[in-house]
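Everything below concerns the one structure shown next.
Order as written gives the chain letters A, B, C and D; numbering starts at 1 within each chain.
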Amino acid sequence: MHEKCGVVGISLEDRDAARPLYYSLYALQHRGQESAGIVTHDGFQQHSHVEMGLVGDAFGPSDLESLNGSHGIGHVRYPTAGSVNSSCAQPFSVSFKSGSLGLSHNGNLVNADEIGDELADLGHAFTSDGDTEVIAHDLARNLLEEDLVRAVKRTMNRIHGSYSLTIMHDETVLGVRDPEGNRPLCIGELEDGYVLASESAAIDTLDGELIRDVKPGELVVLHADGTGYDTYQLVEPENTAHCFFEHVYFARPDSTIDESLVYEVRRELGRKLWEESGVESDVVLPVPDSGRAFASGYAEAAQNDGSDIEFAEGLMKNRYVGRTFIMPTQDERERAVRLKLNPIKSTIEGKSVTIIDDSIVRGTTSTQLIQLLKDAGADEVHVRIGAPPIVAPCYMGIDMASRDELIAGNQSADEIRDEIEADSLSYLSIDAIAETLETSRTDLCLGCVTGEYPYDIDGEATDRDVVRPEIGTQSSPADD
Amino acid sequence: MHEKCGVVGISLEDRDAARPLYYSLYALQHRGQESAGIVTHDGFQQHSHVEMGLVGDAFGPSDLESLNGSHGIGHVRYPTAGSVNSSCAQPFSVSFKSGSLGLSHNGNLVNADEIGDELADLGHAFTSDGDTEVIAHDLARNLLEEDLVRAVKRTMNRIHGSYSLTIMHDETVLGVRDPEGNRPLCIGELEDGYVLASESAAIDTLDGELIRDVKPGELVVLHADGTGYDTYQLVEPENTAHCFFEHVYFARPDSTIDESLVYEVRRELGRKLWEESGVESDVVLPVPDSGRAFASGYAEAAQNDGSDIEFAEGLMKNRYVGRTFIMPTQDERERAVRLKLNPIKSTIEGKSVTIIDDSIVRGTTSTQLIQLLKDAGADEVHVRIGAPPIVAPCYMGIDMASRDELIAGNQSADEIRDEIEADSLSYLSIDAIAETLETSRTDLCLGCVTGEYPYDIDGEATDRDVVRPEIGTQSSPADD
Amino acid sequence: MHEKCGVVGISLEDRDAARPLYYSLYALQHRGQESAGIVTHDGFQQHSHVEMGLVGDAFGPSDLESLNGSHGIGHVRYPTAGSVNSSCAQPFSVSFKSGSLGLSHNGNLVNADEIGDELADLGHAFTSDGDTEVIAHDLARNLLEEDLVRAVKRTMNRIHGSYSLTIMHDETVLGVRDPEGNRPLCIGELEDGYVLASESAAIDTLDGELIRDVKPGELVVLHADGTGYDTYQLVEPENTAHCFFEHVYFARPDSTIDESLVYEVRRELGRKLWEESGVESDVVLPVPDSGRAFASGYAEAAQNDGSDIEFAEGLMKNRYVGRTFIMPTQDERERAVRLKLNPIKSTIEGKSVTIIDDSIVRGTTSTQLIQLLKDAGADEVHVRIGAPPIVAPCYMGIDMASRDELIAGNQSADEIRDEIEADSLSYLSIDAIAETLETSRTDLCLGCVTGEYPYDIDGEATDRDVVRPEIGTQSSPADD
Amino acid sequence: MHEKCGVVGISLEDRDAARPLYYSLYALQHRGQESAGIVTHDGFQQHSHVEMGLVGDAFGPSDLESLNGSHGIGHVRYPTAGSVNSSCAQPFSVSFKSGSLGLSHNGNLVNADEIGDELADLGHAFTSDGDTEVIAHDLARNLLEEDLVRAVKRTMNRIHGSYSLTIMHDETVLGVRDPEGNRPLCIGELEDGYVLASESAAIDTLDGELIRDVKPGELVVLHADGTGYDTYQLVEPENTAHCFFEHVYFARPDSTIDESLVYEVRRELGRKLWEESGVESDVVLPVPDSGRAFASGYAEAAQNDGSDIEFAEGLMKNRYVGRTFIMPTQDERERAVRLKLNPIKSTIEGKSVTIIDDSIVRGTTSTQLIQLLKDAGADEVHVRIGAPPIVAPCYMGIDMASRDELIAGNQSADEIRDEIEADSLSYLSIDAIAETLETSRTDLCLGCVTGEYPYDIDGEATDRDVVRPEIGTQSSPADD
């Protein structure tokens, strides 16, 4: 159950939260297109609307109108391969002894099954097989005996993995980020309230001000009157495990995550890419849209070095190729890439070109792209990638591919170059990533590029000796 | 949360149960048009498809195909006024420590809130506010400590109210009927398996044979190999509380419920109606479709008495007036009845007519109908009703109306006659009902016609001293 | 291109016609469920909304609102086997030199291809292959040279076949019935206007009064101010060719067609059926719904003759088996009839039964029904049909079946009885039909029961020597 | 009835044309999102599927399968303000005396009403009020008397305005471009056939080779066996009237139109924009996506001039803001631009910025954008536009705005600068456009930037003395 998702939580003084939540989800739509949902609380009861599809399709005007209350949370969910299951759409909401709970989750627990089994031993029954329901049940159970902050702390001490959560307990909106800070979460201020969101672009959309990132292991509780918030450092992590792929690929360029603006990080990675493995060619072309910032930095560094390389667009992306597309038949399959990307001949024909992309996963698209460029008359095609090779799967919420589907899973860069028929191929080093993010390697999750993970995952190596809290309800050191 | 619903459960030797479940739900569609659902089990896992709408719209061929397994349960749900909430659609399914549970419920608990609170004290969290989830959680909890039969018994000793349930525990299909036998449930045999259903017409549809009604307080467990079933009389009721309105209005005429064929009951009630309050007139007309059997019995008894009264159709029902109908504007409103029922003038004009209906709820339709008949030239319009006046609401699962909406709530028959402008009006006696059903009054639920209920309902009188089992998890005498 | 359809036209003093048209189409929905459409005119321009599906699905509130104007026509269309083509949905509307035209057509031309070819020679281009477009183009062409009445007359002299049309020329609403009066059309009065409709039940629905049938060969022109209408007997037919099947099967029981109330015709046919071929049995059962009136007359005549035969319901129809139904697989196929009709055992078991139906087309359903009744315990099953055997196809707008699909196409009643395994089988005589309708045989279209048609149809016999008007634009005697 | 549209026509040796047509329409989707349609011919009959919505929504796999035949045409249509009318969706298809016709039209006739009236005088009736039906009827009429080429010529001599047409006469696919060449149309070669399309990108998508633009006044007839094509220069224009806005805004950057690659034209216009009105600032930012090529040329020219200006992305576009978006309420309205474009602060804060856009229409978005940039910390905001000011409406098929909605309709650049609160504003000169397109001003349609049109438009000035062919059916000089 791997998920890339976006979460949001809003508490306002007076105004209904439904519309700001709706616009926030629009701003986070790139983080999940499978389902969208909003749960609000009007002081007396919860209102919920969760549907499959894009934000714009999932909500009609009457849906927004029915979502009363100045407090609410929202969620967009990523289409995972295979089953599209409406029972996993979020926010997940339940009522229990001490009120109602709503949860939006971005991330992936590594011990959800264990905790689920423990709760089942205590009689809990589950309507889905998702992580989120497990967290909700655990939290609900803790709330029978503890106040809100202690209950969240107890749950945090039990769950292990990556999570950024927005939670609504009755009308109180909370935000929690896992102790490793794997997935992003930030807090912002509006004219009449506060907002928690996966990315700062959602805050911008509401004309709000980004205050700061939620810290790893921190709980933020928005005041129910919309006038402030309290914070609690519930767990003090020794090391963080920020996902560097948020900056490389997943987040919006205009978002600031863990104090670094994504667009600038990508441009700097592009500059480093030139420094590490720059190659002279007539022109450097981004693979749109995500390669654009890398390519711009790469070209700038090259020109500063005195290179004559030209920065141009060479591939036109068709914005309309969407979900309901009828795929070409087998013998038209090589044409598929052309429906999405068409070469602009003037910048390619008779030239040596360098294309800049953020990653190579399976390699299929790269192979087709290079063929396309050669068909369009490129003399040479050099490939530069703004990240290290992906050699292992992600267990923290990004559905990349299984290990043997990864082209770099068991091949060197040279072997890959030959397979995709490029004239040269270079990846960026891990050090360049750490340097650019101004973070030590031990504070990043590098699992997908090293195969060593900051979490205990069955059958995988761990990259450090992290002391994990004991799991159990009897005694929880963090409660002291 | 009042519901009229239909439930079904099927266990087959080999064949997939999805299609027989689908056809059964079609046969029970009159019991609920809001949502339809099927849950099956293939020996390894549950499959579920639940959707809003009619059976024919809720399931496509691929949905049926995905519902693997020879065992399953199904549900159709009634559109209740106000909120149409997809979270209440059934069957409700959960996974818990000892496997998976699916539940289909017809009826209404009177102590769901109490039990829900108790479960919440134990840490349970609920995703809906329906009775069915409460039963599911209670049963799941009991299954942690008991075998299936004892777990069901313990749950039956706790829940109080009306219920006919089909349950699926992993691949085992069960049927349970409340100790008062308020809602119907019967068991039938197929060539290659067994079926539990709200009405025998569902069994007919599958070319099966009705075996018998499930007894009040009885549990039926279908063998997972489709070759037989076991029964357990878990609770021995002193009195039953069969809903007589199933025979009068709700069930299909071709169903046999508690050993009485509905069509024959209605004809006999029609005969008694003539005996009790027959009035000479030129013609007797049924209000279609439900008044037809009453009118036929009424006319037969009259003719046997030597009356010249003619039995004819006088009102034509438009079969196409459905859910998506645009209602007339206020000043066209009196026309509304005409879109549904149009007089056949030849049987009305210049004649004294008697119309036979099964009930009068609010009286609005009756008033419009009588006006319509007079406009069509009727000299006199006599109204005869095949049931006693409805004076109080139903708490057992039929959403009639609130007490002050009921025209008979605080008016005599004569006052009602004047209000609806009939030339005469008579209802059937309660004794006629009891006699026809060959049941003593103390074994019927007569709440809606007496205001005294066989269950303890806040603010309502009870019609007897029923000894209820103690509610509590610590000790349950029925377990002994 | 055979079609059963319903047409309507309304002209009001002041009020918008859209809602009355909508309710009229609801009342005529039984005549066509494939598509529904309304075209109105507000004095300045036409407004049109035509969609596939039932009336309730085809129109939303905003659609009705957009259909401005006090004048309009409507149409419901029958689902013909095979292609469901939105280009054939009606009303058909065009603009031409002298304004705009809208047409709703019920019937079937026999010379549409000829006229279409002539118009094509003159340069006309067609967007569909329907009769209606041919009539519209011909009429538009005539309107270039003639006034409205003469133009209609000229078109009537050219087209040959069965047609009841409602036409809107700018804001003038017309009704035309073919010279043989094959399809019904009547005129009614509302409080504030006039209405033309296929059946009088549509007029009833609007609280209007039926004035009379439009006469064969007559044109009715509603005044644009809603205060009256003019009539023109454009063609004087020697003989009519009323379709007797409208009374037997197709029309609503509460409609009056050609001065006979359908319900009473069916009861009288039932009485004649007893007289001609009554058989003693314990019980007489209608095949619902259309057999009910026949059976009621049959039982009445029997009882008047001193028979002890009982009239009862023996088959319960499932009202929900609709279009989106997933059909049983091959080996479940014999079960199909059971999903639609379920026996009520008490009136069948151990009894000799007579079932009354309006027709036997292919015989498949009859065979299944008889089997069903025998399975339910009937000792004997006698079949009586309220119409003569159907031996030939209909070319006049009813899509019955091709000749070799008709069970009576080349078999005697005795052979059919054996095939369907009935204990006895009788049809009604043609004379009984003519007598009941108080019409001579030569004034009825009896094509489907005699194989001789009142129209010249390629490869079929004609039942009389009708002098047809010459076809041609040069001289048209009717213009004189 | 102004329309921006895309047209395509394909003739293949053997393979079904439906899928290539479908992928072509995908490639042309940017030219129209309101409706999509394909008409094919299989040698015996036409098949048609036209629906409202995007290509991906309008066609399912079964739709493509039903579109048999190796020959076909397709169309995408632009959403025009106000009425969305399914009767105007294209291709338009009719059958007439000499076979069947299908038409796809991009452009706008100026004398459609005249010709429609003439055809109406001859008896023609129209089902829509679109240009396309007029052309179809005229062509069908001419085909009664002439062969295909002469018939097209006669029609071209009658219709006046802008049009690129793909036509299918039975199985013959044609392409025609108006004598002024206002809208684009080109021809390409596939492995097994030929294709006509509005833009060369559609040909690329099919792995085809662009052969050349169809010449103004030229007819191209694809051979029905897919092996070649014939061309006919039916009208010899003195001057062309190419729409320069195709290159500036409407076409895809990767398309070649009238021998100029759109991307290169835009970059060159950007260079000229620097030359004409370059302004020193810290950074130059494109307004995505259409401003990107202009900005890249502008920055390049600046840097070549020794400027230190940096080229960067400063505005992030939300790709998901679509049709079903719920608009902000009045007091949230200023936020609307933020949902679509969010500033990337690092490239804006504390800097003087220049933004490059392709046009300013009403000015609302520009005003909001500048405010957005200042809120994000820009010290100065300079605006440079890659085209001349739009001072007058377009009558040739692009729905810009009415004259008084145009911000440049009656204001100077300085006044506009003040209104939108920019620090400076410059437009590109008309001469720069003509020079870049290597076309004289008299061969361009400059109506929207000069108010003088190359066509006779009621109430508008004409920019030249064009000798127009006489309109009339009696004698047409081009027929000689």
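Note that in this section a contact is a pair of C-beta atoms (placed from the backbone, for glycine too) under 8 Å apart; a residue touches a chain by one contact, two chains touch by 3 or more.
These figures come from a predicted structure and were not determined experimentally.
Colleague: Where the contacts of chain A and chain D overlap, which chains show up?
Modeller: Touching chain A and chain D alike: no chains returned.
Colleague: Would you kindly tell me how far, in whole Å, the mean C-alpha position of chain B lies from that of chain A?
Modeller: Those two chain centres are 50 Å apart.
Colleague: Measuring centre to centre with CA averages, how many angstrom lie between chain B and chain D?
Modeller: One centre to the other, that is 62 Å.
Colleague: So which stretches of chain D touch two or more other chains?
Modeller: If we look for residues of chain D contacting two or more partner chains, we find none.
Colleague: How are the chains arranged in terms of who touches whom: line, ring, star, complete or other?
Modeller: ring
Colleague: With touch defined as at the top, which chains are paired up in contact here?
Modeller: All chain pairs meeting the touch criterion are A-B, A-D, B-C, C-D.
Colleague: Of all residues in chain D, which touch chain C in the complex?
Modeller: Of all residues in chain D, those touching chain C are 87, 93-97, 101, 117, 120-127, 129, 136-137, 140-141, 144.
Colleague: What residues of chain C sit close enough to touch chain B in their complex?
Modeller: Residues 19, 22-23, 26-27, 29-30, 33, 54-57, 59-61, 64, 201, 204-207, 252-254, 256, 261, 263-264, 267, 292-293, 296, 300, 310-313, 316, 318-326, 328-329, 332, 335, 338-339, 342-347.
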